[in-house]
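Here it is: the structure, laid out below.
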Amino acid sequence: MRVLVQQEPFDFGSEVEAFATGAGGAGAVVTFTGVVREADSGAMAVMEIEHYPGMTEKALEKIASEAITRWDLTDALVIHRHGRLVPGDQIMMVATAARHRVAAFEAAEYLMDYLKSRAPFWKKEILQNGAEDWVAAKSADEDALRRW
Amino acid sequence: MRVLVQQEPFDFGSEVEAFATGAGGAGAVVTFTGVVREADSGAMAVMEIEHYPGMTEKALEKIASEAITRWDLTDALVIHRHGRLVPGDQIMMVATAARHRVAAFEAAEYLMDYLKSRAPFWKKEILQNGAEDWVAAKSADEDALRRW
Amino acid sequence: MDVLYFAWVRERIGLPKETVETSAVTVAELIEELKAREERYAAAFADLSALRVALDQELAEFDAPLEGVREVAFFPPMTGG
Amino acid sequence: MDVLYFAWVRERIGLPKETVETSAVTVAELIEELKAREERYAAAFADLSALRVALDQELAEFDAPLEGVREVAFFPPMTGG
(Lines give C-alpha, C1' and ligand atoms only; values in the text may rest on other atoms or scores of the structure.)
Protein backbone atom coordinates (compact mmCIF):
# COMPACT_ATOMS: atom_id res chain seq x y z
CA MET A 1 0.00 0.00 0.00
CA ARG A 2 1.24 3.45 -0.89
CA VAL A 3 -0.38 6.80 -0.11
CA LEU A 4 1.15 10.02 -1.40
CA VAL A 5 -0.02 13.60 -0.84
CA GLN A 6 2.13 15.94 -2.88
CA GLN A 7 2.30 19.23 -4.72
CA GLU A 8 4.35 17.88 -7.65
CA PRO A 9 2.82 16.21 -10.70
CA PHE A 10 2.92 12.42 -10.77
CA ASP A 11 3.70 10.30 -13.83
CA PHE A 12 0.48 8.36 -14.39
CA GLY A 13 1.97 5.97 -16.95
CA SER A 14 4.99 5.00 -14.85
CA GLU A 15 2.95 4.74 -11.66
CA VAL A 16 0.41 2.47 -13.33
CA GLU A 17 3.10 0.34 -14.95
CA ALA A 18 5.05 -0.05 -11.69
CA PHE A 19 1.86 -0.82 -9.78
CA ALA A 20 0.71 -3.49 -12.24
CA THR A 21 4.15 -5.07 -12.36
CA GLY A 22 4.50 -5.12 -8.60
CA ALA A 23 1.04 -6.43 -7.73
CA GLY A 24 2.16 -10.05 -7.37
CA GLY A 25 -0.49 -12.69 -7.93
CA ALA A 26 -3.13 -10.21 -9.01
CA GLY A 27 -5.15 -11.08 -12.08
CA ALA A 28 -6.88 -7.70 -12.23
CA VAL A 29 -5.62 -4.13 -11.92
CA VAL A 30 -7.97 -1.13 -12.01
CA THR A 31 -6.80 2.48 -12.09
CA PHE A 32 -8.61 5.79 -11.93
CA THR A 33 -7.19 9.21 -12.62
CA GLY A 34 -8.95 12.53 -12.22
CA VAL A 35 -8.08 15.36 -14.58
CA VAL A 36 -8.83 19.06 -13.93
CA ARG A 37 -11.67 20.07 -16.26
CA GLU A 38 -12.78 23.51 -17.30
CA ALA A 39 -15.26 24.91 -14.78
CA ASP A 40 -18.92 24.42 -15.66
CA SER A 41 -19.36 28.12 -14.93
CA GLY A 42 -16.88 29.33 -17.53
CA ALA A 43 -13.24 29.73 -18.38
CA MET A 44 -11.17 28.50 -15.45
CA ALA A 45 -7.56 29.61 -15.18
CA VAL A 46 -6.49 27.78 -12.02
CA MET A 47 -7.78 25.08 -9.69
CA GLU A 48 -6.35 25.55 -6.20
CA ILE A 49 -6.42 22.57 -3.86
CA GLU A 50 -6.15 23.13 -0.12
CA HIS A 51 -5.66 20.24 2.28
CA TYR A 52 -5.17 19.51 5.98
CA PRO A 53 -1.58 18.27 6.36
CA GLY A 54 -1.44 15.32 8.71
CA MET A 55 -5.13 14.51 8.65
CA THR A 56 -5.09 14.01 4.87
CA GLU A 57 -2.46 11.26 4.98
CA LYS A 58 -4.21 9.55 7.93
CA ALA A 59 -7.60 9.65 6.22
CA LEU A 60 -6.26 8.25 2.94
CA GLU A 61 -4.32 5.50 4.71
CA LYS A 62 -7.42 4.51 6.64
CA ILE A 63 -9.58 4.38 3.50
CA ALA A 64 -6.94 2.39 1.58
CA SER A 65 -6.46 -0.08 4.46
CA GLU A 66 -10.20 -0.63 4.70
CA ALA A 67 -10.40 -1.33 0.97
CA ILE A 68 -7.48 -3.79 1.11
CA THR A 69 -9.11 -5.73 3.94
CA ARG A 70 -12.62 -5.70 2.57
CA TRP A 71 -11.73 -6.81 -0.98
CA ASP A 72 -8.62 -8.83 -0.14
CA LEU A 73 -6.52 -6.66 -2.45
CA THR A 74 -2.94 -7.61 -3.23
CA ASP A 75 -2.10 -3.88 -3.35
CA ALA A 76 -3.55 -0.37 -3.42
CA LEU A 77 -2.15 3.04 -4.33
CA VAL A 78 -3.50 6.57 -3.77
CA ILE A 79 -1.82 9.75 -4.98
CA HIS A 80 -3.48 13.15 -4.45
CA ARG A 81 -2.01 16.53 -5.32
CA HIS A 82 -2.52 19.90 -3.64
CA GLY A 83 -1.62 23.43 -4.66
CA ARG A 84 -2.24 25.19 -7.97
CA LEU A 85 -3.33 23.13 -10.98
CA VAL A 86 -4.55 24.12 -14.45
CA PRO A 87 -7.09 22.42 -16.74
CA GLY A 88 -5.62 19.22 -18.17
CA ASP A 89 -3.47 18.52 -15.09
CA GLN A 90 -3.90 15.17 -13.38
CA ILE A 91 -5.13 15.89 -9.87
CA MET A 92 -5.14 12.40 -8.32
CA MET A 93 -5.08 8.68 -9.01
CA VAL A 94 -5.96 5.43 -7.33
CA ALA A 95 -5.01 1.88 -8.31
CA THR A 96 -6.22 -1.46 -6.96
CA ALA A 97 -5.01 -5.00 -7.60
CA ALA A 98 -6.96 -8.17 -6.83
CA ARG A 99 -7.29 -11.74 -8.05
CA HIS A 100 -10.59 -11.02 -9.79
CA ARG A 101 -11.94 -8.03 -11.66
CA VAL A 102 -15.09 -7.42 -9.62
CA ALA A 103 -13.06 -6.90 -6.43
CA ALA A 104 -10.58 -4.59 -8.18
CA PHE A 105 -13.40 -2.46 -9.68
CA GLU A 106 -15.43 -2.27 -6.47
CA ALA A 107 -12.41 -1.37 -4.35
CA ALA A 108 -11.39 1.42 -6.75
CA GLU A 109 -14.90 2.89 -6.68
CA TYR A 110 -15.00 2.64 -2.90
CA LEU A 111 -11.66 4.45 -2.64
CA MET A 112 -12.96 7.21 -4.91
CA ASP A 113 -16.30 7.58 -3.13
CA TYR A 114 -14.70 7.79 0.31
CA LEU A 115 -11.82 9.96 -0.78
CA LYS A 116 -14.23 12.51 -2.29
CA SER A 117 -16.23 12.99 0.90
CA ARG A 118 -13.96 11.89 3.75
CA ALA A 119 -10.46 13.10 2.88
CA PRO A 120 -9.80 16.75 3.78
CA PHE A 121 -9.28 18.40 0.40
CA TRP A 122 -11.03 21.54 -0.81
CA LYS A 123 -11.05 22.81 -4.38
CA LYS A 124 -11.24 26.46 -5.38
CA GLU A 125 -11.81 27.53 -8.97
CA ILE A 126 -10.14 30.75 -10.06
CA LEU A 127 -11.70 32.00 -13.29
CA GLN A 128 -9.91 33.96 -15.98
CA ASN A 129 -11.73 37.15 -14.92
CA GLY A 130 -10.27 36.73 -11.44
CA ALA A 131 -13.46 35.51 -9.75
CA GLU A 132 -12.91 32.81 -7.14
CA ASP A 133 -15.28 30.06 -6.09
CA TRP A 134 -14.98 27.22 -3.62
CA VAL A 135 -16.31 24.07 -5.28
CA ALA A 136 -19.48 22.98 -3.45
CA ALA A 137 -19.77 19.40 -2.24
CA LYS A 138 -22.27 17.40 -4.28
CA SER A 139 -25.02 15.52 -2.52
CA ALA A 140 -24.46 12.79 -5.14
CA ASP A 141 -20.98 12.25 -3.69
CA GLU A 142 -22.33 11.90 -0.18
CA ASP A 143 -25.11 9.61 -1.47
CA ALA A 144 -22.50 7.43 -3.21
CA LEU A 145 -21.17 6.35 0.20
CA ARG A 146 -24.43 4.69 1.12
CA ARG A 147 -23.97 1.77 -1.24
CA TRP A 148 -20.93 0.45 0.66
CA MET B 1 -11.90 4.76 -30.12
CA ARG B 2 -9.16 2.18 -30.66
CA VAL B 3 -9.50 -1.61 -30.72
CA LEU B 4 -6.41 -3.80 -31.09
CA VAL B 5 -6.20 -7.59 -31.31
CA GLN B 6 -2.59 -8.62 -31.35
CA GLN B 7 -0.08 -11.31 -30.46
CA GLU B 8 2.61 -8.89 -29.24
CA PRO B 9 2.76 -7.54 -25.69
CA PHE B 10 1.43 -4.01 -25.19
CA ASP B 11 3.03 -1.37 -22.99
CA PHE B 12 0.38 -0.74 -20.33
CA GLY B 13 2.09 2.37 -18.89
CA SER B 14 2.53 4.12 -22.26
CA GLU B 15 -0.94 3.14 -23.46
CA VAL B 16 -2.54 4.48 -20.30
CA GLU B 17 -0.51 7.68 -20.38
CA ALA B 18 -1.28 8.32 -24.07
CA PHE B 19 -4.96 7.55 -23.51
CA ALA B 20 -5.28 9.88 -20.50
CA THR B 21 -3.41 12.67 -22.30
CA GLY B 22 -5.49 12.32 -25.45
CA ALA B 23 -8.92 12.08 -23.84
CA GLY B 24 -9.75 15.76 -24.31
CA GLY B 25 -12.25 17.25 -21.88
CA ALA B 26 -12.48 14.12 -19.77
CA GLY B 27 -12.35 14.56 -16.02
CA ALA B 28 -12.15 10.84 -15.33
CA VAL B 29 -10.10 8.01 -16.82
CA VAL B 30 -10.55 4.38 -15.73
CA THR B 31 -8.31 1.54 -16.87
CA PHE B 32 -8.41 -2.18 -16.34
CA THR B 33 -5.69 -4.68 -17.15
CA GLY B 34 -5.88 -8.44 -16.84
CA VAL B 35 -2.75 -10.38 -15.91
CA VAL B 36 -2.26 -14.13 -16.47
CA ARG B 37 -2.44 -15.81 -13.06
CA GLU B 38 -1.26 -19.24 -12.03
CA ALA B 39 -4.00 -21.81 -12.69
CA ASP B 40 -6.21 -22.63 -9.70
CA SER B 41 -5.52 -26.29 -10.49
CA GLY B 42 -1.75 -26.09 -10.11
CA ALA B 43 1.44 -24.93 -11.73
CA MET B 44 0.63 -23.45 -15.12
CA ALA B 45 3.39 -23.13 -17.71
CA VAL B 46 1.51 -21.47 -20.56
CA MET B 47 -1.84 -19.82 -21.23
CA GLU B 48 -2.79 -20.17 -24.88
CA ILE B 49 -5.39 -17.82 -26.26
CA GLU B 50 -7.26 -18.74 -29.43
CA HIS B 51 -9.49 -16.25 -31.19
CA TYR B 52 -11.67 -15.89 -34.27
CA PRO B 53 -9.89 -13.45 -36.60
CA GLY B 54 -12.36 -11.05 -38.13
CA MET B 55 -15.19 -11.69 -35.71
CA THR B 56 -13.05 -10.68 -32.72
CA GLU B 57 -12.34 -7.20 -34.03
CA LYS B 58 -15.99 -6.70 -35.04
CA ALA B 59 -17.27 -7.85 -31.65
CA LEU B 60 -14.88 -5.60 -29.72
CA GLU B 61 -15.66 -2.60 -31.91
CA LYS B 62 -19.37 -3.13 -31.41
CA ILE B 63 -19.01 -3.40 -27.62
CA ALA B 64 -16.76 -0.32 -27.46
CA SER B 65 -19.14 1.74 -29.66
CA GLU B 66 -22.09 0.79 -27.50
CA ALA B 67 -20.22 1.86 -24.36
CA ILE B 68 -19.22 5.20 -25.92
CA THR B 69 -22.81 5.97 -26.87
CA ARG B 70 -24.41 4.79 -23.66
CA TRP B 71 -22.05 6.63 -21.27
CA ASP B 72 -21.17 9.54 -23.56
CA LEU B 73 -17.48 8.68 -23.33
CA THR B 74 -14.88 11.02 -24.76
CA ASP B 75 -12.81 7.95 -25.68
CA ALA B 76 -12.42 4.18 -25.23
CA LEU B 77 -9.59 1.73 -25.84
CA VAL B 78 -9.53 -2.08 -25.94
CA ILE B 79 -6.41 -4.19 -26.45
CA HIS B 80 -6.59 -8.00 -26.31
CA ARG B 81 -3.74 -10.40 -26.99
CA HIS B 82 -3.84 -13.91 -28.43
CA GLY B 83 -1.25 -16.67 -28.68
CA ARG B 84 1.01 -18.06 -25.95
CA LEU B 85 1.31 -16.18 -22.67
CA VAL B 86 2.94 -17.06 -19.35
CA PRO B 87 1.92 -16.14 -15.78
CA GLY B 88 2.61 -12.47 -15.13
CA ASP B 89 1.95 -11.43 -18.75
CA GLN B 90 -0.67 -8.78 -19.38
CA ILE B 91 -3.38 -10.37 -21.46
CA MET B 92 -5.64 -7.41 -22.19
CA MET B 93 -6.62 -3.89 -21.19
CA VAL B 94 -9.51 -1.49 -21.51
CA ALA B 95 -9.61 2.25 -20.84
CA THR B 96 -12.53 4.66 -20.70
CA ALA B 97 -12.66 8.44 -20.45
CA ALA B 98 -15.70 10.48 -19.42
CA ARG B 99 -16.55 13.81 -17.80
CA HIS B 100 -17.50 12.13 -14.52
CA ARG B 101 -16.16 9.15 -12.64
CA VAL B 102 -19.36 7.11 -12.40
CA ALA B 103 -19.68 6.96 -16.20
CA ALA B 104 -16.03 6.03 -16.66
CA PHE B 105 -16.25 3.22 -14.07
CA GLU B 106 -19.54 1.83 -15.37
CA ALA B 107 -18.40 1.86 -18.99
CA ALA B 108 -15.16 0.03 -18.11
CA GLU B 109 -17.09 -2.65 -16.22
CA TYR B 110 -19.55 -2.99 -19.08
CA LEU B 111 -16.69 -3.41 -21.56
CA MET B 112 -15.16 -6.13 -19.39
CA ASP B 113 -18.44 -7.97 -18.78
CA TYR B 114 -19.33 -8.03 -22.48
CA LEU B 115 -15.84 -8.78 -23.68
CA LYS B 116 -15.63 -11.81 -21.36
CA SER B 117 -18.78 -13.45 -22.69
CA ARG B 118 -19.34 -11.97 -26.16
CA ALA B 119 -15.92 -11.64 -27.77
CA PRO B 120 -14.60 -14.84 -29.38
CA PHE B 121 -11.56 -15.68 -27.28
CA TRP B 122 -10.86 -19.05 -25.68
CA LYS B 123 -8.20 -19.72 -23.06
CA LYS B 124 -6.34 -23.00 -22.67
CA GLU B 125 -4.15 -23.69 -19.65
CA ILE B 126 -1.09 -25.85 -20.26
CA LEU B 127 0.27 -27.14 -16.95
CA GLN B 128 3.91 -27.88 -16.22
CA ASN B 129 3.22 -31.63 -16.37
CA GLY B 130 1.93 -31.16 -19.92
CA ALA B 131 -1.76 -31.50 -19.12
CA GLU B 132 -4.02 -29.18 -21.12
CA ASP B 133 -7.35 -27.72 -20.11
CA TRP B 134 -9.72 -25.35 -21.85
CA VAL B 135 -10.84 -22.74 -19.32
CA ALA B 136 -14.56 -23.21 -18.67
CA ALA B 137 -16.86 -20.21 -18.95
CA LYS B 138 -18.14 -19.05 -15.58
CA SER B 139 -21.84 -18.63 -15.04
CA ALA B 140 -20.89 -15.56 -12.96
CA ASP B 141 -19.55 -13.92 -16.13
CA GLU B 142 -22.77 -14.61 -18.00
CA ASP B 143 -24.78 -13.40 -15.00
CA ALA B 144 -22.75 -10.18 -14.93
CA LEU B 145 -24.31 -9.16 -18.26
CA ARG B 146 -27.77 -8.99 -16.76
CA ARG B 147 -27.14 -5.84 -14.81
CA TRP B 148 -26.67 -3.74 -17.95
CA MET C 1 -20.64 -22.67 -47.04
CA ASP C 2 -17.55 -22.40 -44.83
CA VAL C 3 -17.83 -24.07 -41.44
CA LEU C 4 -15.31 -23.06 -38.77
CA TYR C 5 -14.50 -24.73 -35.45
CA PHE C 6 -12.71 -23.21 -32.48
CA ALA C 7 -11.18 -24.35 -29.16
CA TRP C 8 -12.20 -27.86 -28.07
CA VAL C 9 -14.76 -28.13 -30.88
CA ARG C 10 -11.87 -27.74 -33.34
CA GLU C 11 -9.79 -30.29 -31.42
CA ARG C 12 -12.60 -32.82 -31.21
CA ILE C 13 -13.51 -32.60 -34.89
CA GLY C 14 -9.85 -32.41 -35.84
CA LEU C 15 -9.87 -29.50 -38.23
CA PRO C 16 -10.31 -25.70 -38.02
CA LYS C 17 -12.35 -25.20 -41.17
CA GLU C 18 -14.08 -27.04 -43.97
CA THR C 19 -16.41 -26.31 -46.85
CA VAL C 20 -19.78 -28.01 -46.55
CA GLU C 21 -22.44 -28.51 -49.22
CA THR C 22 -25.77 -28.55 -47.45
CA SER C 23 -29.43 -27.94 -48.01
CA ALA C 24 -30.05 -27.46 -44.28
CA VAL C 25 -32.47 -24.61 -43.61
CA THR C 26 -31.41 -23.86 -40.03
CA VAL C 27 -28.28 -24.20 -37.90
CA ALA C 28 -29.95 -27.06 -36.02
CA GLU C 29 -30.48 -28.97 -39.28
CA LEU C 30 -26.85 -28.43 -40.26
CA ILE C 31 -25.76 -29.82 -36.88
CA GLU C 32 -27.91 -32.94 -37.44
CA GLU C 33 -26.27 -33.46 -40.83
CA LEU C 34 -22.79 -33.11 -39.35
CA LYS C 35 -23.57 -35.44 -36.41
CA ALA C 36 -24.74 -38.10 -38.85
CA ARG C 37 -21.40 -38.03 -40.67
CA GLU C 38 -18.91 -39.40 -38.18
CA GLU C 39 -18.44 -40.14 -34.50
CA ARG C 40 -16.11 -37.16 -33.94
CA TYR C 41 -18.88 -34.78 -35.11
CA ALA C 42 -21.43 -36.56 -32.95
CA ALA C 43 -19.05 -36.16 -29.99
CA ALA C 44 -18.43 -32.47 -30.67
CA PHE C 45 -22.14 -31.66 -31.00
CA ALA C 46 -23.39 -33.99 -28.24
CA ASP C 47 -24.32 -31.16 -25.83
CA LEU C 48 -25.61 -28.05 -27.55
CA SER C 49 -25.88 -26.15 -24.28
CA ALA C 50 -22.06 -26.21 -24.24
CA LEU C 51 -21.87 -24.66 -27.73
CA ARG C 52 -22.29 -21.29 -29.35
CA VAL C 53 -22.77 -20.48 -33.03
CA ALA C 54 -21.93 -17.43 -35.13
CA LEU C 55 -23.34 -16.74 -38.60
CA ASP C 56 -21.15 -14.50 -40.73
CA GLN C 57 -19.32 -13.53 -37.54
CA GLU C 58 -22.39 -12.53 -35.52
CA LEU C 59 -23.61 -14.63 -32.57
CA ALA C 60 -26.85 -16.43 -33.45
CA GLU C 61 -29.35 -18.97 -32.12
CA PHE C 62 -29.50 -22.62 -33.18
CA ASP C 63 -32.86 -22.12 -34.85
CA ALA C 64 -31.55 -19.28 -37.03
CA PRO C 65 -31.99 -19.70 -40.82
CA LEU C 66 -28.93 -20.35 -42.97
CA GLU C 67 -30.21 -18.63 -46.08
CA GLY C 68 -27.59 -16.26 -47.49
CA VAL C 69 -25.04 -17.21 -44.83
CA ARG C 70 -21.49 -17.76 -46.08
CA GLU C 71 -19.67 -18.58 -42.83
CA VAL C 72 -20.87 -20.66 -39.87
CA ALA C 73 -18.69 -21.03 -36.78
CA PHE C 74 -19.11 -23.39 -33.81
CA PHE C 75 -17.30 -22.92 -30.52
CA PRO C 76 -17.67 -23.22 -26.74
CA PRO C 77 -18.74 -20.23 -24.59
CA MET C 78 -16.12 -17.52 -24.78
CA THR C 79 -13.55 -17.05 -22.03
CA GLY C 80 -11.63 -13.92 -22.97
CA GLY C 81 -10.69 -10.93 -20.86
CA MET D 1 -6.21 24.01 22.33
CA ASP D 2 -5.29 24.64 18.69
CA VAL D 3 -8.20 25.59 16.45
CA LEU D 4 -7.68 25.27 12.67
CA TYR D 5 -9.78 26.67 9.84
CA PHE D 6 -9.76 25.54 6.20
CA ALA D 7 -11.15 26.72 2.85
CA TRP D 8 -13.87 29.39 3.10
CA VAL D 9 -14.03 29.04 6.89
CA ARG D 10 -10.37 30.13 7.00
CA GLU D 11 -11.07 32.99 4.58
CA ARG D 12 -14.13 34.20 6.48
CA ILE D 13 -12.42 34.15 9.88
CA GLY D 14 -9.24 35.51 8.36
CA LEU D 15 -6.68 33.14 9.85
CA PRO D 16 -5.67 29.49 9.42
CA LYS D 17 -4.97 28.68 13.06
CA GLU D 18 -5.18 30.10 16.55
CA THR D 19 -4.75 28.93 20.11
CA VAL D 20 -7.93 29.17 22.17
CA GLU D 21 -8.33 28.96 25.93
CA THR D 22 -11.74 27.50 26.61
CA SER D 23 -13.72 25.60 29.18
CA ALA D 24 -16.24 24.43 26.55
CA VAL D 25 -17.26 20.80 27.13
CA THR D 26 -18.42 20.03 23.59
CA VAL D 27 -17.66 21.24 20.07
CA ALA D 28 -21.06 22.97 20.01
CA GLU D 29 -20.18 24.96 23.13
CA LEU D 30 -16.83 25.98 21.62
CA ILE D 31 -18.68 27.22 18.54
CA GLU D 32 -21.01 29.32 20.70
CA GLU D 33 -18.01 30.91 22.43
CA LEU D 34 -16.35 31.69 19.10
CA LYS D 35 -19.57 33.13 17.59
CA ALA D 36 -19.92 35.47 20.59
CA ARG D 37 -16.45 36.90 19.98
CA GLU D 38 -16.77 38.75 16.69
CA GLU D 39 -18.96 39.13 13.65
CA ARG D 40 -16.54 37.20 11.38
CA TYR D 41 -16.85 34.15 13.62
CA ALA D 42 -20.62 34.50 13.75
CA ALA D 43 -20.61 34.63 9.93
CA ALA D 44 -18.37 31.58 9.56
CA PHE D 45 -20.43 29.49 11.97
CA ALA D 46 -23.87 30.75 10.89
CA ASP D 47 -24.92 27.50 9.20
CA LEU D 48 -23.59 24.40 10.91
CA SER D 49 -25.04 22.11 8.23
CA ALA D 50 -22.43 23.60 5.88
CA LEU D 51 -19.59 22.75 8.28
CA ARG D 52 -17.61 19.72 9.35
CA VAL D 53 -15.40 19.30 12.40
CA ALA D 54 -12.37 17.12 13.09
CA LEU D 55 -10.98 16.41 16.58
CA ASP D 56 -7.30 15.48 16.59
CA GLN D 57 -7.59 14.85 12.83
CA GLU D 58 -10.58 12.50 12.99
CA LEU D 59 -14.02 13.55 11.72
CA ALA D 60 -16.42 14.09 14.64
CA GLU D 61 -19.95 15.28 15.46
CA PHE D 62 -20.79 18.71 16.90
CA ASP D 63 -21.92 17.19 20.20
CA ALA D 64 -18.59 15.38 20.68
CA PRO D 65 -16.76 16.11 23.98
CA LEU D 66 -13.56 18.18 23.87
CA GLU D 67 -11.89 16.54 26.85
CA GLY D 68 -8.32 15.54 26.04
CA VAL D 69 -8.53 17.04 22.53
CA ARG D 70 -5.51 19.06 21.43
CA GLU D 71 -6.54 20.06 17.90
CA VAL D 72 -9.96 21.10 16.61
CA ALA D 73 -10.49 21.85 12.90
CA PHE D 74 -13.48 23.45 11.19
CA PHE D 75 -14.04 23.26 7.44
CA PRO D 76 -16.71 22.89 4.75
CA PRO D 77 -17.63 19.47 3.32
CA MET D 78 -14.65 18.02 1.49
CA THR D 79 -14.38 18.18 -2.28
CA GLY D 80 -11.28 16.17 -3.18
CA GLY D 81 -10.79 13.53 -5.83
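The first chain written gets the first letter, and so on, giving A, B, C and D; residue counts start at 1 in each chain.
Throughout what follows, a contact is a pair of C-beta atoms (placed from the backbone, for glycine too) under 8 Å apart; a residue touches a chain by one contact, two chains touch by 3 or more.
The model shown is predicted, which means the values in this text are computed figures rather than measured ones.
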{"item": "Steps in the shortest chain-to-chain touch route ending at chain C and beginning at chain A", "value": "2"}
{"item": "For chain B paired with chain D, centre-to-centre distance based on mean C-alpha positions, whole Å", "value": "48"}
{"item": "Whole-Å gap between the CA centroids of chain A and chain B", "value": "24"}
{"item": "Residues of chain C touching at least two other chains", "value": "81"}
{"item": "Contacts with 2+ other chains: residues of chain B", "value": "34, 101, 112"}
{"item": "Overall pattern in which the protein chains touch one another (line/ring/star/complete/other)", "value": "line"}
{"item": "Interchain contacts (touch definition) - all pairs", "value": "A-B, A-D, B-C"}
{"item": "Chain D residues touching chain A - in the complex, by the definition given at the top", "value": "4, 6-8, 10, 54, 57-59, 73, 75-81"}
{"item": "Contact footprint of chain C on chain B as seen in their complex", "value": "34, 49-52, 54-55, 58-59, 80, 91-92, 112, 115-124, 134-137, 142"}
{"item": "Residue numbers on chain B that touch chain A, as the complex places them", "value": "11-14, 16-18, 20, 23, 25-38, 90, 99, 101-102, 104-105, 108-109, 112, 144"}
